[in-house]
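Please see the structure below; I have some questions.
We call the chains A, B, C and D, going by the order they appear; numbering starts again at 1 in every chain.
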């Protein structure tokens, strides 16, 4: 695990290796590094857009910066691309500090959110633009542009102007224009944001395919958690100019490190409570309404005594009210408040004993009767599926609900 | 005011309004045509009277008979022709200089934050908003105190002074409409700021620069008030006419003005067609 | 122009005043700070150029070399034309005879505006670019002379003037001995009217005050003409009038305006207004009305009202800084021949300064109407009706006239 | 959000000492770019716009006469003289300007509105037709009106010959001719900004007003008119300022009582050679117009001035 994250001094030290990422041996991994941010901060006057970010991205990795708008992810990308200078800190590409290098000297290319295709140039000239600046031999330019347009499936579009292309085609030209320069690192700034859902799904796979074909490091910025999870080898969740968590999508999803991550990445049922027993393999947390929930000891770490416990909706099993609960599960009683059928699953919103609402998904296996609105049910889930987060300052809660 | 009811566009029929445009839009359409007629009447007078007989070489109010003679002698009034040449010289000169001066400032205003930007905005605004009499009087005061002889050069200086502001405004609008990401993209693809400007920014703002230049040309060639202050004994086309009005203008004035009118109209139409062609 | 301060003359007081004031301006500059650059140069504005009178003009004339160019500034429609304005036969004759090419410019629209254009240039000691110009015997001519901005004429080169000039233009009051000027044309200021519109004959200046013509009376914006006609109406000889007379005249003019009689105070455009029928009756210059008749406005009539007419003289003169002074002299001499004067006179129809031109017009040009007109070749009786303008003795006096009559036209 | 920004601003400044020093010089190089770009026109505008304005002020305080010449003397009484002698012409200029601007607005608005909302495919054609006078010199247009309005011209002459109007009737040389000329010459300058502003109005907003029970009149008054205010203001700036400072219409179409301040300034420079008077009047005119624009902008939101400066 190469990712490492400098922890702000006011945070408790990471205890859960899965959630926090291990500290690697810096010296040993240097030659494998591609991109390293060291204490990067960007301030505009009194407004701090990016706050002391340290991050390492490995060569060949598909890495995503994920976060809500205004979290600083695009600013971070701008600084790596060279369009903004960090106020403090440094950016290393291949171990070389490029913080003050202008973009046209960096071996980095960008696919812009708006594509930024040159409207006065045709597709061929757009793609050839970077190569011409590098004074690549004319024949070589022709060959490379042709190959690249073939790779993005735009053969035959050479003479079109950007305005004559569809959104998806424009997106691919932008990609080709960046990739044709064979950068060491490709930055993608929400490149699929302008596309409709179907095209977006298709392009996600396309991007993944191209990345594996060319083997270039991709740094991908998005606010779409699903997109980030589908495509990334690893991702970093950002909020308020800071990195909340770094890791492979499954780890981050299953073991969110903070309340914000829990809320932003997928849906969560979060309940506040107090740790009452840290004992053996299972710790016990008493929720504010009195119910006691069991948690795997390893997932508690040394958090507490005030914590929030969470469980993902798909991990919750919905049983008819009378049915016995399997041994060792956490469970509570609730009333179905709303049901929605979305084909692949049934989604329920339940009302718990103290009026708290829960959501739960049940895979559509095509069996049995389904609870209806007003039915009393019992919800249960495995202690292993229960995660624990520090109750964060009100801000994270605000954002996760936003 | 009821007459100005926002009726439906031709394409979209408003619910409950029946077919086609309502009464109000029809009245407004008629009104607009009347306004167009009003706008055109003096032009028609000019063109018609350029074909009138004028036995004494001065335009008369009475219709004395059709002749194309004045078109044959369009350039017969030597100092009128000279004045037109002066006007063209000043218009070309001030167009080019004001574009060269104004474009960089427009770029600076559209793309950078800098100290003094608000003041610059105010100066540009004041230059456009200042009444021509004041601009002319102040320039004349200045030239008088400097003891600078008035002539073609001072006319040129004055025209550049008011044209620069218009160029800045027009080019700036164009630059502001440009996606900043295009610049970033160029830099990202290895273009130095200099190359990025000439390969990307410049071709894209060129229509704005051309529009600004044409505006400057038009403003310059038609300016009378400011020119009247700083011209000394040099006469431009409008000044010559303004002077000649006192004693009656020769028909050549209408002839040359008709040429200018047709030239302007034709150029505009060509420009429109070219622009339409270039757009997909 | 070079400055000749070692002429032994005492320093001109005006020059002294100018210089001291220039120094004040420098102190003012420090006080006013920000106004800076604009004022720094006010010094030169005040400084006087070397006085032309200090020159030994005879020696100067002898130094001049002949050139083949002449730049002639004149009023519009004040010379003969042919071929729809393309040719001026008199000028072409001159070129043929002398080899001097004439650049003829119709740039003078009025005495005051023209003077205001050239004065700053002359004051700066620069050339105004004209070798010859034509101005009326009004204040501006006096001012040109006072400022020494005219080149005294070299009489030796003007034999024809002595030979052919009408006595009425020899040694006039405003330029004794024709030191600076030779008359180009003289003219009468009387009344023009359109009988079809007035529906009666006009005989008196009082008719300009007739309420029947309300809104259709044209008056002149030239305040010398405007003031003079009112003085005539009151029976006062303008040349001998006093400030008190001027104020009386201004009063009747104001009444005329306040009653809505006056259509407009016109410059040269009064003639267009008459032609168009905007005015029915108007102050007018004799020649203009004949020219209007000639080009088809046959209804218009010129009348010398019983109260009298103003007689004025437009004069040729050479401004200092002229590049081709000998060419200017050559033209002046050429003009004072019966043939040239006739060519021009037959076209402009003012008062000809060369009486012998009458025969040429009658015989060679076969135009008896012009030749026999008392307004072109006036009789003694006509001259008896004519009055001269008031001659201003100082700028202050001119200003005083100005302040009495200007408010009327600026309403 | 704001609370967080502040909190982190503190964190940022705490790290201030970590800022590398070498960045400073590069910053200065970059920061110079807008100044270098702006320098040529700044110098030009300073020299040929701002300094002349200052020298006009200086000249208005000069003493002397045309014969002796003028020199700076701090003679500010010229301003009082100017107002004393020419307040009528000043007031008249503002009256004509205001009236002409209002009339121009009133006749331009319906056409701009119709073209913007109902012009369909031919919008640019209509605009082009209304803009046609732009291709003819301003003086010629005014002269043409002199022709049209002449007492015995083809319009009134004909009416008079039919006996429809009195022989005495005239319009030329009256203030109505001057105001009419101002209106005509300002027309295209007003239609264009109005059209641009009205065109920008979202049709859905208009439909929404109708949906919310606004009758056509109140839709116009409460929705369309306020939304087109930027065009009204831009046109006002262009037309009002031009009209107040004009002297050509008064000269060619006016009469004995229509002298405007522009004519007086012209006369003072070019007939009477009273430079201080001309400069003082110009300064007063500039000042009064600035006050008028400021008051308008104050009444309708200040940011608009900047909008049109931009």
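Methods note: a contact is a pair of C-beta atoms (placed from the backbone, for glycine too) under 8 Å apart; a residue touches a chain by one contact, two chains touch by 3 or more.
Molecules present, by chain and UniProt name: A = Spermidine/putrescine import ATP-binding protein PotA; B, D = Spermidine/putrescine transport system permease protein; C = Spermidine/putrescine transport system substrate-binding protein.
As the structure is a computational prediction, the values presented were derived from the model and not from experiment.
Each step here moves to a touching chain, and the least such steps from chain B to chain C number 1. Among the other chains, C has the CA centre that is most remote from the centre of chain A.
Highest C-beta contact pair count among chain pairs: B-D. The centroid of the Cα atoms in chain B and the matching centroid in chain D are 15 Å apart. Chain D has its Cα centroid 39 Å from the Cα centroid of chain C. For this pair, chain A with chain B, the centres built from the Cα atoms lie 55 Å apart. Of all residues in chain B, those touching 2 or more other chains are 61, 141-142, 144-145, 245, listed in ascending order.
For chain D, residues that reach two or more other chains under the stated contact definition are 51-52, 55-56, 58-59, 150, 152-153, 157, 269. For chain C, the set of residues touching two or more other chains reads 38-39, 42, 45, 117, 276.
Interface of chain C with chain D (complex): residues 14, 17-18, 21-22, 24-25, 28-29, 31-32, 34-39, 42-43, 45-48, 110, 112-113, 115-117, 119, 123, 143, 146-147, 197, 214-216, 257, 262-265, 276-278, 395, 399, 402, 406-407, 409-411. Those residues of chain C whose C-beta lies close enough to touch chain B in the complex are 38-42, 44-45, 76-77, 81, 83-86, 105-107, 109, 117-118, 120-121, 124, 126, 128-129, 267-269, 271-272, 275-276, 291, 294-296.
Of all residues in chain B, only 179, 181-182, 184-193, 195-196, 199-200, 203-204, 279-280 touch chain A in the complex they form.
Chain A makes touch with chain B in their complex at residues 81-83, 102-104, 108-110, 112-114, 116-120, 129-130, 133-134, 161, 163-164, 177-178, 181. On chain B, the positions that touch chain D within their shared complex are 1-7, 9-12, 14, 21, 24-25, 28-29, 31-32, 35-36, 38-43, 45-46, 49, 61, 63, 100-102, 104-105, 107-109, 111-114, 117, 120-127, 129-135, 137-142, 144-145, 157-158, 160-161, 164-165, 168-169, 172, 176, 218, 221-222, 224-225, 228-229, 237-238, 241-242, 245, 249, 253-254, 257, 260-261, 264-265, 268, 272.
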